[in-house]
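Note sheet for the following structure.
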Amino acid sequence: MAANEADKLITSDDQDHPANLIPSLCAKFWTLGWVTGTGGGCSIRDDDLVYIAPSGVQKELMKNTDIYVLSLAAQEPTFTERTYLRSPPCYKPSQCTPLFLAAFTRRNAGCCIHTHSQWAVLVTLLLEQEPQGGGGSSSSSSSRKVFEMNNIEQIKGFGRGFGKTGNLGYHDTLRIPVIENTPHEEDLTEYLEAAMDEYPDTYAVLVRRHGVYVWGDTVHKAKTQCESLDYLFQLAVEMKKLGLPWVSDIPRVAPDRA
Amino acid sequence: MAANEADKLITSDDQDHPANLIPSLCAKFWTLGWVTGTGGGCSIRDDDLVYIAPSGVQKELMKNTDIYVLSLAAQEPTFTERTYLRSPPCYKPSQCTPLFLAAFTRRNAGCCIHTHSQWAVLVTLLLEQEPQGGGGSSSSSSSRKVFEMNNIEQIKGFGRGFGKTGNLGYHDTLRIPVIENTPHEEDLTEYLEAAMDEYPDTYAVLVRRHGVYVWGDTVHKAKTQCESLDYLFQLAVEMKKLGLPWVSDIPRVAPDRA
Amino acid sequence: MAANEADKLITSDDQDHPANLIPSLCAKFWTLGWVTGTGGGCSIRDDDLVYIAPSGVQKELMKNTDIYVLSLAAQEPTFTERTYLRSPPCYKPSQCTPLFLAAFTRRNAGCCIHTHSQWAVLVTLLLEQEPQGGGGSSSSSSSRKVFEMNNIEQIKGFGRGFGKTGNLGYHDTLRIPVIENTPHEEDLTEYLEAAMDEYPDTYAVLVRRHGVYVWGDTVHKAKTQCESLDYLFQLAVEMKKLGLPWVSDIPRVAPDRA
Amino acid sequence: MAANEADKLITSDDQDHPANLIPSLCAKFWTLGWVTGTGGGCSIRDDDLVYIAPSGVQKELMKNTDIYVLSLAAQEPTFTERTYLRSPPCYKPSQCTPLFLAAFTRRNAGCCIHTHSQWAVLVTLLLEQEPQGGGGSSSSSSSRKVFEMNNIEQIKGFGRGFGKTGNLGYHDTLRIPVIENTPHEEDLTEYLEAAMDEYPDTYAVLVRRHGVYVWGDTVHKAKTQCESLDYLFQLAVEMKKLGLPWVSDIPRVAPDRA
């Protein structure tokens, strides 16, 4: 595609166009501490087209002209080589790309957000300290591989799962799987996909000592699920400081109404 | 009412019109972490008309066209079915609606704010750990059902109570009742109303593991009372981390001036 | 003075005019959490004229038309009754007024800031737990009455004292006196003045369980001293959580350069 | 150079011109709490020209006309006396100047940032509590003189070192030397230079009880490295509160991929 043809893909007066929305979302995420120091990122899928923030960009300064565009259908199943319909002149593709694509192809997501939020990182570090049931001999295999929390209202901010209707209830336990980090972000893909397989209802995967990937059917859902999750991770860290457990057995109030 | 007639209810050049004020307040509340992930909300009453933010909206992006309007007088006493004078095209009514209406009908409030502030949630969690006097057998019935704090200047930010003049004094003890959370937010209404009955002077009710409802005679009072309360909840959490008690017996200084 | 004559006192295109500067400063202070819920305030003196934010105003929404103006020379020495050259139509004078005036008359300050910063409040609460040398029998008289910190670079943000040139050095100990709170803010005045007498070099006075008053020769100095002090109070609270002492005996490095 | 000639050095419509960029960066740094109360600063080098924020300026209010400009080539090797091509009318040169120049001359940096971030200060205080191996007799000589952290994704935000290509890997240990503070900031220069010599790969030097200096080949790299480092310092403080170690021996996952 010729460059000026390709640039039409990222040019629009509509502030909700993906090429405009990614920069405005990333600026907001920078303020929230989610994409500090060029870490983290965001991708939006519009039907077959995927819009992705580049690698190494200052997220609060992004412009629509920084955005990559690719066709989902045109990619190889393994995504080992990708062809872009439109590329910015000065950047490299994000290492997060295959992880975003996993959310789009395996869950039909419309948006995927990756944050380096310290609350997410701290939660994975705290879980590392808790030996799990059948723990193995190495420290990573014996670390807890799932974040669990229940009986907090904000849990209702999450959908029940891919293909299900409605959201989690107050008494449901939210479960977010944790995968171990790898030296190269692209190598996370197979572990992320394995976690998706093991937790078919999850809309997020934590990455140990790294951050979190959160997706949703739409930009609205991905963003509000990401906000709700970050809220819960922050709450979890503060609860740990205060000696409060993340999972509790609250008796249901008003049993006469059940 | 015809749609274009109804839209006049939410159309004004006055930035203090409720349909303009709710979005600007909600954007501010989002920045404060009170309405993360579409949680929380805000409603303003202007005489008989009640303006309410819808359910599931990104609070920092709200517009006047997102607002519901209903007539207080036209509602059934039980509010089990509500009729709206004006509804936005893309949203559902907020589950908080009957709770906001309780503040308007029982306390003649002009504004009611609901936050998911983590400080409010943490305070209810900390109170859960403190068995109260006549504790029962279940964990919820044995949890503390009131937040108390005294001898902090910011307490003076609260009115003495409905129908009373003046504000609390520095040595007065602020008491905010805590109700248990329910799976469906609308089901909180009877507990909220019971707490209002038990604490006739309160301008706020905490909801365990959920957040807080705060109201006031005017938007100004509801908002500044909500700010003051959030300040006190944050202070209370920090005090707990540092081993400082929330209630103390400070001798009054300058007794010769009393 | 006729109202339209008086309004000239608070009308200017210059953004550095006190009637414009107080609102912009207060909006900034609100964002910093210093004037939550209408708490705190700010006053600027320009020669004989004193500009003061009113009581009970939402500080992030203030306008020049909300400002009181009074003549310093026209006030009674006891300030028990004050006459205003210009008053806003909808507000009451701030209870902080006599405390601001104390900074102007006794220290020739050009600006005085009062915050309810939680860091200031927490510092006074932590000092309350530390019995001081010759402690008396009541809990307030046995509380520590001075905040002390040394060997932190930010201490260099403070002047050496009224009428002295230059700023504190890195190894100097910053001392901020603490006075007990009173039910009525105006009653603090005599204690504030006594603390000024006892600590002639201080540019700030902490008020137990309340906040802090900070002043400076100019708006610039008052504001930057207030920022530096809030930084040190926050640092002090975090140091306490981590078991680090506020005062230490650091050997001077590079003694050959002394 | 005549004043109006000199002013051309700091006058440009390009928002990326150093004289425009320093104010916009400093405003951002103020919001991050890095340059509170006129502390900290920022300098950019463009070939031979060095642009520096002045001493004692409110960083969020800076303008291009506040900027100093000097020629690097025209300075004496010892920098004991500096000549400025352009000076602002109302300020003094920053005491940080010789430290910024050290980064420019010894590391060919394009930008150097100095923050008073509390996270940096707290990290140096925590290291002070940990006696190091061959500790001497005085408290400063027995304090830990290097911050170390590994196995955190954000570490990948740092270059491998001056003249090397690529960034640190996830399993690499980030090492930031700590120098003791001096009463006069200019006196830090020789210690900063010594730390540069001892840690030739570092892009940052912590100053005990003071803050941090961070540089990079470009403004982009200096800023994003500074953000990443502040993220890691904050994470380190929170980890300490939660009893989590900064350095760990994580087994490499997926050894078959190594």
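Labels for the chains are A, B, C and D, by order of writing; each one numbers its residues from 1.
In the analysis below, a residue touches a chain if its C-beta (ideal position, glycine included) is under 8 Å from a C-beta of that chain, and two chains touch if they have at least 3 such contacts.
What you are looking at is a predicted structure, and each value in this text was computed from that prediction instead of being measured.
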Where subunit B and subunit C overlap in contact partners, by chain label: none
Since subunit A and subunit B are copies that touch, is their contact same (over half of the numbers shared) or different (under half)? different
Of all chains, the one whose CA centroid lies most distant from that of subunit B is D
Between copies subunit A and subunit D, what's the superposition rotation on C-alpha atoms, in steps of 5 degrees? 90
Inter-chain centre distance, subunit C versus subunit D - centres from mean C-alpha coordinates, in Å: 32
Just the number, please: Cα centre separation of subunit B and subunit D in whole Å. 45
Among the residues of subunit B, which ones contact at least 2 other chains? 241
Identify every two-chain combination in which the chains touch. A-B, A-D, B-C, C-D
For the complex, give me every residue of subunit B touching subunit A. 33, 36-39, 58, 116, 118, 121-122, 125-126, 129, 138-140, 180-183, 187, 207, 209-211, 237, 240-241
Spell out the part of subunit B that touches subunit C in their complex, as residue ranges. 151-154, 157, 169-171, 220, 223-225, 227-228, 230-231, 234-235, 238-239, 241-244, 248-254, 257
